[in-house]
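Each of the next two complexes has chain A plus one other chain: chain B in the first, chain C in the second.
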Partner chain A sequence: MVLSGWFIALLSVAYLGLLFAVARFGDARADAGKSIISANVYALSLAVYCTSWTFYGSVGRATSGGLSFLTIYLGPTLMLLFVGVIIKMIRISKAQRITSIADFIASRYGKSQLLAGMVTIIAVIGVVPYIALQLKAMAASVDVLLEHSGRSGVWLGLDSTFLIAVILALFSILFGTRHLDATERHEGMVAAVAFESVVKLIAFMAVGLFVTYGMFGGLGDLFQRAAATADLGRLLQLDSSRAGTWTALIVLSGLAIVFLPRQFQIVVVENVDESHVKRAVWLFPLYLLLINIFVLPLALGGLLHFDGQGMNSDTFVLTLPLARGAESLALLAFIGGLSAATGMVIVETIALSTMVCNDLVMPWLLRSAWLQARHHQDLSGVLIGIRRVAIALIVLLGYIYFRAAGEAYALVGIGLISFAAVAQFAPAMFGGMYWKQGTRAGAVAGLSAGFVVWLYTLLLPSFAKSGWISSGFVEQGLFGIPWLKAQVLFGLGGMDEISHCLWWSMLANIGCYILVSLSSRPDAVEASQAERFVDVFRFDRRSAEARLWRGKASLGALVRLLERFLGAGRAQQQLALYARSRGVGDWHQLPVDAEFVHFAEAELAGAIGSASARVMVASVAEEEDLGLDEVLDILDEATQVRAYSRELETKQQALEAATSELREANERLREVDRMKDDFISTVTHELRTPLTSIRALSEMLHEDPRIDLTNRRRFLGIIVNETERLTRLINQILDMAKLESGQAEWTTGDVDIGAIARETMGSLEQLFCEKGVALEGDIPPTGPVVLADSDRLTQVLINLLSNAVKFVPAQTGRVHVRVGVDGNMVRVEVSDNGPGLTAEECDLIFEKFRQGGNTLTDKPQGTGLGLPISRQIIEYFGGKLWVESHPGEGANFIFTVPLPASEE
Partner chain B sequence: MTKKILIVDDEPNIVISLEFLMKKEGFEVAVAVDGEEALAKVDSFRPDLVLLDVMMPKKSGFEVCEALRADPEKAGLLVVMLTAKGRETEVAKGLAIGADAYVTKPFSTKDLVVKVKGMLGTA
Partner chain C sequence: MKRASPTRQRLAALGLLGVPLLTYPLLSLPGGSLWGIPAGYLYLFGVWAGLIGLAAWVAERRSK
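And now, the complex of A and B:
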């Protein structure tokens, strides 16, 4: 393999061509309405976070800082867990046609051109060195490949880094400025970025696998060898003294995943579907985990392999494969690094160019005489031109910074310095989303304070370390005042520079933001924007928008404005779409009301940012100034209506709950009523049955004196029996009613259960003898004494014994009574060798009028109330009555009565 | 020709009294004590009229009546339901599933005889 400069250049261009094809495909599909941006593509595109600084630099960081490189990935993972925050950001951005993070902050605080400009400047200052870092990484990787084949990196007098910068700028221009409307997403670019994410992951893992398993004997071998070396063993340990640094890095990287301009572009502006965020919550951290698995093995492998050769640890990803002659793998790694760099540069420059164009150039342009002179000219081409120039300039700035800085500290440490810069957006962003009292003055104060502190404690010291400026302010303090030492501000020492900067800049930023916000009053636009942002999920757009704008505008003027900035074709297209959404066939017939003005302003905001759009609309419409008080009144009213409807909702819910409670109570009453009805119906049946025989037989006896004596006797016998049955039934029903209503009379005293059992058995002896059933007892001579009513206990025993004798077979039947003590309960069992009961019957027989023996041909004698009454009695004494039985195995009726406490 | 009556009830004493009553009036009588036996006896004994209790083990009077009415061969069979549950709904249900008459227990023997004879056309 020949690793010539031409070959590498050809390969790079071919790869970039492939990317471009992916992007064209994505754009073509988007134009055809068949978007390829799925939840997976979205999640992968977030990996634009992993730049070449991480692709090459993670390994370098791991060689010195051990596991601390992980913080850069832990932060984003944690941040993504706040799905609600990100979804709210996306919802606001869609509603407000937000084009960039500068636009977001400016729009929230009254569409302020000042704020938009400030955010843009901070972003450019913070991020240009970061772009330089990408160029440096690319240059370093090309150098490694060329050095390997002994060639030089200069063609035609131009160095390779410059060529790379030019190619990247061209690509960014081709990718990003095809469309003007920045909220109209760059789907092709997102697709290409997702593709690059896959490539860099594969490349990095391939090198990781090669080094771990090809050059060493697997992870175990690597870690063992490293642990055996004193220097390397230290890398494997968590250093608890650096906990503060870890926290700072996690916070910074967590904020960076949303607030870096390119991340805001991908996470918020390019999002096509809020639900995609939910996929990214786990897929993106998974990606980060995979790309980090081999960082430490590569770092250790490099240190072990090049021990003492002073090899640059930032290029281990390339030099390790090359050391083993694996040139194709090194090329793959190079392509991976190229992916990481191009992805970052393309998205970052597109995001920054939008900001520069909308928030720096446009405000100036709108005031310039040049624009005034070309009043009717289509400006959409001019806008695209501005953005293209901005992209080229930003990349060029990056290149110049790279050239100037070289190996200086100001470049090496820039990744985290950039993170700390964009972290300054956090208070204004989060405050703007959740705190209506936050004002423009507060945001300006907070941002300025945070930025100045960042400049003084982080960026300028890094210049000083590079030797560009005097380091006096770092070592002695500004004007020789020790309190002002840049990195030991107010004597706060013992921290690393990043934590130090984060602490002071955030203190200044948040403090100023809150204090100034509380002591300033918002203007009308600010107040209404605060409402739209903070209450984005409940803001009633149609009704509120209509009342928040009052004035006169002509359709022609607004349409001309749209055509100027969007281009005629696109303006017509959007107008037609909007007309359809309002149910108007031809947009010429659209009423020029507040809603239409709002539509026009939003469309313009999508092209030139909300602040410039506001200025442009105001310039063509005769607007009536709504005073702050009036706006607050309108918003207040909206809030009151909302509060009122919430109250109504709560009341409605309470009412519904009450209704359902009533319904349940009614249901229960009806159930009780039905049970009572059933009971009466059953009692009626039980009473009428014996009455039927009595009436029929006595009528016959009465009317027919010729009935012979035998039948007369038989019939009279039946009448007597049925009368007895009737009496018994009535007594038991009354007894049951008394027990149930708690009106039964009880004569409670000490009762010897053994004696009761013996007496009852004696009194029923005759009944058992008649049927030839054996009755046995297993009763202690002086039985246990309980506190109960002896008559009632006798009643229970008689019931159980007469049931038993009723169901056992004549002659062979056996009934056994057992009295004993089980724990603190007296236990009495009456077992028989009758037909037994099914499990279902074991429960059933304790219900009223549900007799056992339904399968017997002859109807059992009894009322069906004996067992329910017995159970009531036993439960009254605090015991239990139940039956244990299986079909064919006899039944064992058991009841327990608690022993008095003193007996224990 | 002597008319045949099938008495179906699970209360032995009621069976005794009905059997005696109907025999005295000159009918040929058979007895069944549950629903299943009743259906069997209808086939073997071929009665002209069934005195059918509602609350019985195995098959209720309603079920027996439904089974009888489902058989077109037994279209001419007269069914008199006897019930000790006097609720209106029970009466309506009995008549709805095809019983010819409904008598509430306890009944007057005289009225029952008049009703049965009237239905069989032997008065």
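And now, the complex of A and C:
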């Protein structure tokens, strides 16, 4: 009741309108510079791969081939994992402004119009069956729905398939060619495709769940009931006798995921960001997995439910829900199928129409008198017109194929014919990306050989099968020659027709490509394009590009050309952008050099394809023919320059490192130099003080003979003291210098530190008594023995004790010596009850010529070298010397000397 | 020349691993059924899901 023809038509139009709105939204956002194409949208848009074939056909395939339908989805999963190949394709296409797969191949082999045309023809002929498949599936689905409500699909004498074809064509035209600028990107379309991908996945999963869990008792129940019947049980097992077909289908589908014109369009041309590929590499396969989980259960469910009723297994997705009266679910499934078919037809026809326009019509148009006569007219409108007509014609061809051969095959069978056709692009594509020696002649030879074999072994037999042409060449062989039988070529039997075609066509294709490439010589343009493609990741564009074009051109002529094909508005916009990138304010002042010509050609290539763009630019610019040898020289030179500059870069880095090392060393030297200067000036100062007083007193004695004896004795006493101080100072400076330069002499032996401490205290007792200072010892009777120089250790102790006695107050002063063992170190402490030191002074007193007390007001009491020398000595023995003190609390000088290891 | 990124190489290795796993003769190994579901069906979807999971892990991992 619900399913009247009008209702279905209205629902379909409403859904298509929704898709249109999504596309409008996507375009509006793109124009506003806020692209909605994220990594997820990109990954989902790849699911345009899932057409009616997947939605209806897989189930049909599974009813006869079991799990073999999966190969079509495993191939793309594996192919996408080779991300490097995809990214290289994208990089090349961006650099060369590639608009289609025909453009890619033509551009690689010297921007050849011949090759572009060939690829276009192969693609159109090859893909027509695929479009027919969509029409057939749509027609079948409409018929199922109408039959259910008891109506016929004929309206005004036209069959429903034709109506569907017309609607799809109109919709594609509206969709892909709304913009007047004829550039390669369609963000709105990508958004709509991503949207419809979600719709068809939801629809298919819904039907799958309904059938598996609603009509049957789940996966296990379905499989068990199927296994009980002999016919169905066969479908559950993998059939190893078809191993060859399995592998062939994986190869075919792996190639199709990038080489089908619509896949190339979505994967490569519409890609906005290389990093999106990383998401697609798993998200798209995940999508494929989800949409395939219920295919086999649906097939089994259909076979079990309609046992022996002869239902078309390609429409189980619709007939199963209808059989249970679930009409709304059937409608959802219908929308899913519509979604799958429209998505495919839109993208495929847009991709093909671009190819037809740029690579078939333009070359012809550019030579025609019609175009010559309209020399100054804006042609961007003409371009759009050509594309619209092309879309209509391609859909019409699909309809004709459907009428001619559509009935003889199931859906998947038709699709595989197209897969085998686009697989013919593989040798020229891969060879072009990775093999510089591949030439145009080789590509032409390989493509034509492969195409002819495909035509003879696959396409023509499909016509023959439906009785449209005589089937003599299939059954008896061409001219009755048995080894020319179309599907048992040269007697090679025992394979299915797809594997048979793939084997022979690839042999012919690859063989001819390699053989002819090796025996032909590329021309100059080919050689330079080969370099740009194969070395896209390292091609130094600016340096080589400028030298690969030499000639004369006028700005006016080139700008007119751009305006003609891009439309005036867009041309001005691009020129302004380009001028800004070169730092020129007004594009009228742009220099007409190689770079500008390259820019103009690239812009044109985006609109009319690289081959036509080259012809157009050549028509207004006088280009000098560089010749192959010169081009190769330039390319080699570019490679060498690149190598040199890299070498230079590493040298420069090494140089910078060396420079900074030198700078550091220089800093250190200057620091040492400054220290030396300081040292000398301090030493000079220290020496001058006693010298000055000696000289002053000597002069007084010398000039005034009347000085009395008491004063004379006093003066002489001071002179003697000062001389001693001078001697001590000089001795210590010499000692210090020896220690620092490592020239000091050491006599190392076993030393009893306790004994040394007692001896030293004994020798200094007199000094302490004179000042009335108490000296106490806390020393074990047989002290720890260390490996050291006893004279030097005595020197350190004398220094510490004499320092202490200097600073403690007379009569009340106390100095305490303690010797002990702390871990594996001997610890010696000399503590006093003197004025103490501030934290800052604790560090400073170990610097040379720093004296304790206030040196400005008090008479210096030492040389300022004792502690630095002591520290050097202790450190030489592997110990440490430091002081612990607080102002007013006395000072505690501590040194440690390691015990010999054997005594631990 | 810029070196191929490790992520790309890992993904390609995964692809090379997938080829033998998803073609004959390995495909002729699973036979019979498990929990009423044919082993071939489980094997294909299992290996496929495994490949997708690994690819997701490699591709989405933050490169150090």
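Here, the second predicted complex is superposed on the first by the 627 of 904 C-alpha atoms of A that agree within 3 Å, B and C clash if a C-alpha of one lies under 4 Å from a C-alpha of the other, contacts with A are read in each partner's own complex, and residues count from 1 in each chain.
Simple rule for what comes next: a contact is a pair of C-beta atoms (placed from the backbone, for glycine too) under 8 Å apart; a residue touches a chain by one contact, two chains touch by 3 or more.
Note that the coordinates shown come from a computational prediction; the quantities given were computed from them, not determined experimentally.
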{"item": "Contacts of A:Ser681 with chain B and chain C, given as first, second, both or neither", "value": "first"}
{"item": "Greater chain A contact set [chain C / chain B]", "value": "C"}
{"item": "Touched partner set for A:Phe537, first chain B, second chain C, both or neither", "value": "second"}
{"item": "First (chain B), second (chain C), both or neither touched by A:Asp704", "value": "first"}
{"item": "Touching partner for A:Ala696 - first (chain B), second (chain C), both, neither", "value": "first"}
{"item": "First (chain B), second (chain C), both or neither touched by A:Thr247", "value": "second"}
{"item": "First (chain B), second (chain C), both or neither touched by A:Arg279", "value": "second"}
{"item": "Set intersection of chain A contacts, chain C complex versus chain B complex", "value": "none"}
{"item": "Chain A residues touching chain C - in the complex, by the definition given at the top", "value": "67, 70, 74, 77-79, 81-84, 87, 219-221, 223-224, 227, 236-238, 240, 243, 246-247, 250, 278-279, 281-283, 285-286, 289, 293, 296, 537-538"}
{"item": "Parts of chain C lying in touch with chain A, wherever the complex brings them together", "value": "1-2, 4, 7-9, 11-12, 14-15, 18-19, 22-25, 27-28, 30-31, 33, 35-38, 40-41, 44-45, 48-49, 51-53, 55-56, 59-60"}
{"item": "Interface residues, chain B side, partner chain A - complex", "value": "10-14, 16-18, 20-21, 24, 33-34, 55, 57, 84-87, 104-110"}
{"item": "Touching residues on chain A, where the partner in the complex is chain B", "value": "681, 684-686, 688-697, 699-700, 703-704, 711, 714-715, 718, 721-722, 854-855, 857-859"}
